[in-house]
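Across the two complexes that follow, chain A remains constant while its partner is chain B and subsequently chain C.
For the complex of A and B:
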């Protein structure tokens, strides 16, 4: 007979799970964590390679030599920007027109849910300016985008200059098969979101814009450029997008290939690759790079303007020029040549980039880990929840079983005690569930809706009011009355908490599984912290220890520790107070991301994860 | 007087008889020769050149095919006898930095597209069905003449195919494949309908040798650029255009063909030696077991050129034995002439070394006149 249908074998299996539960869970946890740490090892992470046949090798002759012209455009732009006190729309339009592009401008406006620290006002207005270079002999069915954010202050002038110089150079070539859109977007991500929504004629967020006038066909790929210095020492690439979505790996490979061809130093996460790859320091270096990517992807924030393109299935990356204290500097011509080479290769594409991976982790720029290699780490962690749930279920069903079966097993413990108690129905579980989810919904809706009330009563700004409301509701959830079940059935019963824990473990497993499919890093980070404590927590035993552990793994504290780890990894360690400030900023940022761009992290944590955590808290204080 | 005349007449008669016998003997030798001339060999040449890939990154396949087309035209096969099938989206591709050209050597030395290319099947017309219909002749009546392979049982056909292939198949335009079994059956149909005298099949793809494994019809010789399990590699990367311009095997075959002129006596064994593994990286292969003649005796121009066989004879040859033979009167002063030999079809040395028009005209005249003498002797 089969393994599960043979009663003898089933009993043996159940005995195995019941007896060896804790060792198996521990082993699974160690395996999951060890697997994750092994991802940075060279044999596990193969070298990257170009998958798209149409892009081929870097076989192209770059002839861009207008570095000086780029710098002069940059200086003009800086002057006009200062004079206009914002984005010099008229000057940009005139310059692009003189270069021979079709120029359009798009004014947009957005009411923020609450004014954040950088902008300090509710209404944000701006204008995007873009010029389209039409392909001379093709039908304008496809296009590429080179975008440069027009930020506040003295940033990104050289990027605008380089973009205009590239536009003038590209205009003189006849081999373009796709249109090229040169976009200058104001207010960074807001402007980009406004442009993308208008371009694709959708209305995902409540952006008010005039709509785009000029279109150039379906966008195949986009590059966002950030340069703030006349010379660069290295070029950094940012891949993480909104909700942890990543561009196709071929685009990153293309960038890496062209940087190598032009001798440009290229980095990812700001870290340069080491040449020795089988030593311990090199492993630590790769692990740091990997952890940085996991932390950034887990936050769900777009790490550059490119992050918003990914939702429309447009592969995009952000390139940042970095000017550090290295001796060897690269001028604008080299940077321009790299971009020219990349665009010529993208021009050769016949279909969207789809041959390479969409889900990957990068321990370095030339090595990658694909989803089939990193998912088992997460699987081992979820296995712990499943094992624990099976254990609880078997104990519960043993309570249901008659005395005869109990004699066969001879297992003592909680099952024995539970049999004598009256069996409460599932009705006892409904109040905790309802209360926890109500708290979650309050956490989601109240902060933004109640910010005006809060500012009236307390001397804080709106942003602070919102964040402090979030924290207040979060902490208040800990103190809610959990003992409603006592009213219904009497003292807390073992069956009750075991059923509730079973339910919450399965709920947690389902949530983490779903989120890991979309954003592996977020799922893994939450699993690594929450799963062992969730499996271990119970009302019997050292309650205060469990309480401390549970508070330690709550999503908010995970965020705090994550920020701390991030600062350590970028070699900019912070004190506790600064970490707290960053934490508050992160909470505000998470809320804004959700309202402005549709990030999923805040609603997920507030409506699903936090109630699940509260259920576990409920289990802890069952008696 | 009367006694001398009969003696002279006797001598003349004897001489005439002797000469007649000699003449008869000679005439019969020439007769045999003439019969031999018409028994073996081909009388016309055709070429079917197929490039099975499209898209910009397959530039080299179109350049391969066009280079072979150029060589075949140079050696004498006219456009009316070439069926050229190309995707033809390279010269006018928006990505081409030099529009209306297709280069076959890097640094843009040689434009094989030129201004007199006649593509018979272009773009989406290059399909497996059309290719097989061309070969077997099962063509709808509305097909124009330039798209037909009007070969007969005295035709030597050169079939050149290039593109992406695998073990036993060749990919047509990224949407369908032709298998080696289909190709072998198509050739068998051609044989049964007597649509060829001899066939030379050249294929330049990955694992090309698998395509000729299944042939079973007689008089087929096959060459391939790589064995089963090997890839054929590209050559000539050009940075200005951004693609590879040629494949290795065809590149070296072309270098070899550049040395061939219509009067060359180079034979097939030399073609088999083209592109050894050191240059080609893959191992070219060939198959001659179905071929009746020894490759040593097969000239390159039997397939690649349209070379008219010319026999110079001083005697009159009676093609119809029923007609009464008349005495041939060889002029006396030519009895001790130097031995006759085959004249050169085209006096290449003169053309190469004297670039003047007059020399060319002279040689053309010579060629034309030779053409005249044998034109009504040969059947078409």
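For the complex of A and C:
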């Protein structure tokens, strides 16, 4: 505390902050961005390693050889699915029963808050079927889950087939110490949500389902499998879950280890790892992978069926078999062996996976960046807000400081605003704060509540009505009266906008800090865009330039740009119009994610971030 | 002046009533920051249930309230929400009246000192005016009633707000100069949560000052008055404890309330400093370290009493803050009590050095508590270290805030007697440095 209590050093420090504010801010921004870009460099990102002793040191020998059986199950399943016109519940029950599993089914129903147009569903009814393989030597206190979504169309038959073949093989083994649940869930994430809620006997969304009958102890880990072809040339692993939560890194390591053991090609974010590490193209490649992960995690959407497990403290990943028409193909036996190996290792766990990292970024499957390494990038960006806030605070306190105080805050030359004017007090800031937050609350509640009214008066469908209402309210917020403070004081003052800016900068810093702890990528993406403009904006100077910049960094435009960047990175570029379409879908998707699964991105943006941005807009148009 | 107070009270009651009806109430009452093992409403209900069954409420390890509280709610359980709203309002009114009175005293004293020419000639801008002091009592009530901490504490029905009311009445009685009521309420406060015991010193100093008795160890009237006040205090304490004994007909409550407070057996995370430390410690060291930790509350009383002999109300404020920082099961309700006093010292504002940084730290920490709790308990991705780091930062923030106020107070006093523009011996400008 010497720094803060010694007045001489304080004076030097405050002078430094006042004089060098802009260069320091710039430096900090460059440092933050540079730090982030450096995350993909090999020395920053160390190699992954298995931390869990129970999984690391034990050897397992895989003997799964039912590849052909898997394919025949898959064909049979496809036939029955076609016949039933949906999930063949009866056939699945019978087959699982014949394999010697305890079979249960769980019907569920959910009416979406508004129709989902991309997936074409509104009132969803479905059934989950699952079989429990009871461990011969344990008391059903712990379990593992292998889940397979039964999606519409021709997809995923092979995964069901492989799951059934694995079940029949696992049934014959004696070493299981944890129950294994084989789950076929209908309507992908909705079914998964219904099943998880019923299994844990909670109801956090408005899902209606009959509670599950059979349970198998606390679930330790889960793997969700998606295959859509008889032959698999590579495996892609999806880790990002709801709200950007990630599974323990050991689970990813486990998958990677078995892929290497069985010679399977594995990718993350659809990007194959390059063998050279120190070349520039290799760096660009891993940066792309990292950016893809940041974008996906930042969206807060579950990137696979595993994403909902994470909320229940269950480590889970989704494995996707990809047929990319490469030369090396793997048959079902190899794939089955990989899964067998993973389950046997998970079976050896003595406690929940907790040894390895929960906060990480993956520039490739074999390298990771831990929280202590990536957080400074964010810290530098937040530092800008703090520096700017300190600067404003010192200027403000200089205005009304007596001579004694001037003694303490040093340098008087920098006080621009030291004009003699009546002190406006905090009361003037109340109207803008209230109006901005009321707009935010409208943005959160009105679209879904008002969809029926909207469809009656405009020729749009419900889903369009919701999305368009969101956009309309969002844009309308910009046009709200920005000079409400004048009702109270007559005219705005320099002090007024400085106080408001100080307040909104601190507010923004707090929001970003909180969200970055929960979902680093979201916090970082928002910080990179919003922070510099938020720090720069003021009612004097090139106002229209500031306005344009401020509009450019609003969360909606960030989303638009994020979609554009994402499409570029997955090498599937889109035109502006397509991007707009994707944007509309993403808005609807964001709302649905919130109402169906409890994603926090939409409420966070609507209730907190957007009002904060409106406050900055108020600062800009302060008169 | 009464009309704005009524308005504030109405707003506060409305906010609380709305929150009681909303879904947030259940969430708030589960928060560890708001409800500690000592004062959680759940535990009161459990104790009542045991009492109704004819079992001693202290027979389990759940209930740690005092017998008077349980008998209070035995009759008022139906109106619990009302009781908590009323206690909050009573606290605010008591603080309002107390500060109003205190301001008058301060002003009189200032006038006297000016007339006696005790102040340096150039300190006109440090002299307090009735204009600026006019709204302070209202601000105190506002700070208490609309402080989010108080609101949450009330919505969670934490009995902490009852303790706050008792302490507020104690302050009111002391400032009004009623030694008897002051001693009774101090005894009640001590009985409720033990730590207010340390408020004996500031109350005594204030009462002595009111009676114009000099604090001199050789003077007989000083010792006489001290004995009188101490005896009043002890007698009321004994009466209250005996009353509790006759209510339950057993001494069970002594170990289960005071033993629980002093030996800290429940290590549920809270915003205090104890839980993490004792969760990590080997059993056979814990007695020693419990003593070391507990002594913090009592340790600072004597040096503060010496230093702030002339300013007992500021001493009381510092002591309440120290209690709320160092007590074994602190909640945000305790913090709210001392934060209500901050407007009283608004004239120190110009001497505060880190108020901006410290208020930011406190607000950020308050926001991070639920976030890190979520990451630790629900998401499972963070661990207790994350949460404790925030607890530690929060408490350091509080300690720095209090020391900042303390130092500002001393500095103002120094300037008042020595003049605002200090010069060194060689004629250059001098400044005060805290070493």
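By definition in this document, the second predicted complex is superposed on the first by the 599 of 623 C-alpha atoms of A that agree within 3 Å, B and C clash if a C-alpha of one lies under 4 Å from a C-alpha of the other, contacts with A are read in each partner's own complex, and residues count from 1 in each chain.
Quick note on the criterion: a residue touches a chain if its C-beta (ideal position, glycine included) is under 8 Å from a C-beta of that chain, and two chains touch if they have at least 3 such contacts.
This is a predicted model, so every value here is computed, not measured.
K.L.:
Given the superposition on chain A, are chain B and chain C in a clash or a fit?
P.N.:
With chain A as the common anchor, chain B and chain C both fit in the superposed model.
K.L.:
More residues of chain A in touch with chain C or with chain B?
P.N.:
The partner that reaches more residues of chain A in the superposed model: C.
K.L.:
State whether A:393 touches chain B only (first), chain C only (second), both chains, or neither.
P.N.:
It touches chain C, and chain B stays clear.
K.L.:
Taking the superposition as given, does A:280 touch the first partner, chain B, the second, chain C, both, or neither?
P.N.:
Touch partners of A:280: none, neither chain B nor chain C.
K.L.:
Pick one for A:479: touches chain B only (first), chain C only (second), both, or neither.
P.N.:
neither
K.L.:
Angle at chain A between chain B and chain C: what is it in degrees to the nearest 10, using CA centres?
P.N.:
80
K.L.:
Going by the contact rule set out at the top, does A:577 touch chain B (first), chain C (second), both, or neither?
P.N.:
It touches nothing on chain B or chain C.
K.L.:
Is A:514 touching the first partner chain B, the second partner chain C, both, or neither of them?
P.N.:
Only chain C; A:514 stays clear of chain B.
K.L.:
Quick check for you: in the superposed arrangement, does A:56 touch first (chain B), second (chain C), both or neither?
P.N.:
After superposing on A, A:56 lies in contact with chain B but is clear of chain C.
K.L.:
Have a look at where A:177 lands relative to chain B and chain C in the superposition and call it first, second, both or neither.
P.N.:
In the superposed model, A:177 contacts chain B only, not chain C.
K.L.:
Per the contact definition in the header, classify A:350: touching chain B only (first), chain C only (second), both, or neither.
P.N.:
In the superposition, A:350 touches chain B alone.
K.L.:
Just the number, please: smallest Cα separation between chain B and chain C in the overlaid arrangement, in Å.
P.N.:
13
K.L.:
Can you list the residues of chain A that touch chain B in one structure and chain C in the other?
P.N.:
none
K.L.:
Which part of chain C faces chain A closely enough to touch in the complex?
P.N.:
Residue positions touching the partner: 125, 350-351, 353-354, 356-357, 360, 363-364, 367-368, 371-372, 374-375, 378-382, 400, 415, 420-421, 429, 431, 433-434.
K.L.:
Considering only the defined contacts, which chain A positions touch chain B in the complex?
P.N.:
53-54, 56-57, 59-61, 135-138, 173-177, 344-345, 347-348, 350
K.L.:
Show me the residue ranges of chain B that touch chain A in the complex, using the header's touch definition.
P.N.:
For chain B paired with chain A, touching residues are 55-57, 92-97, 99, 237-240, 242-244.
K.L.:
Considering the complex alone, what residue numbers of chain A touch chain C?
P.N.:
Spelled out, the residues of chain A in touch with chain C are 1, 4-7, 10, 245-246, 310-311, 313, 352, 354, 358-359, 389-390, 393, 397, 401-405, 407-408, 506, 510, 513-514, 517-518.
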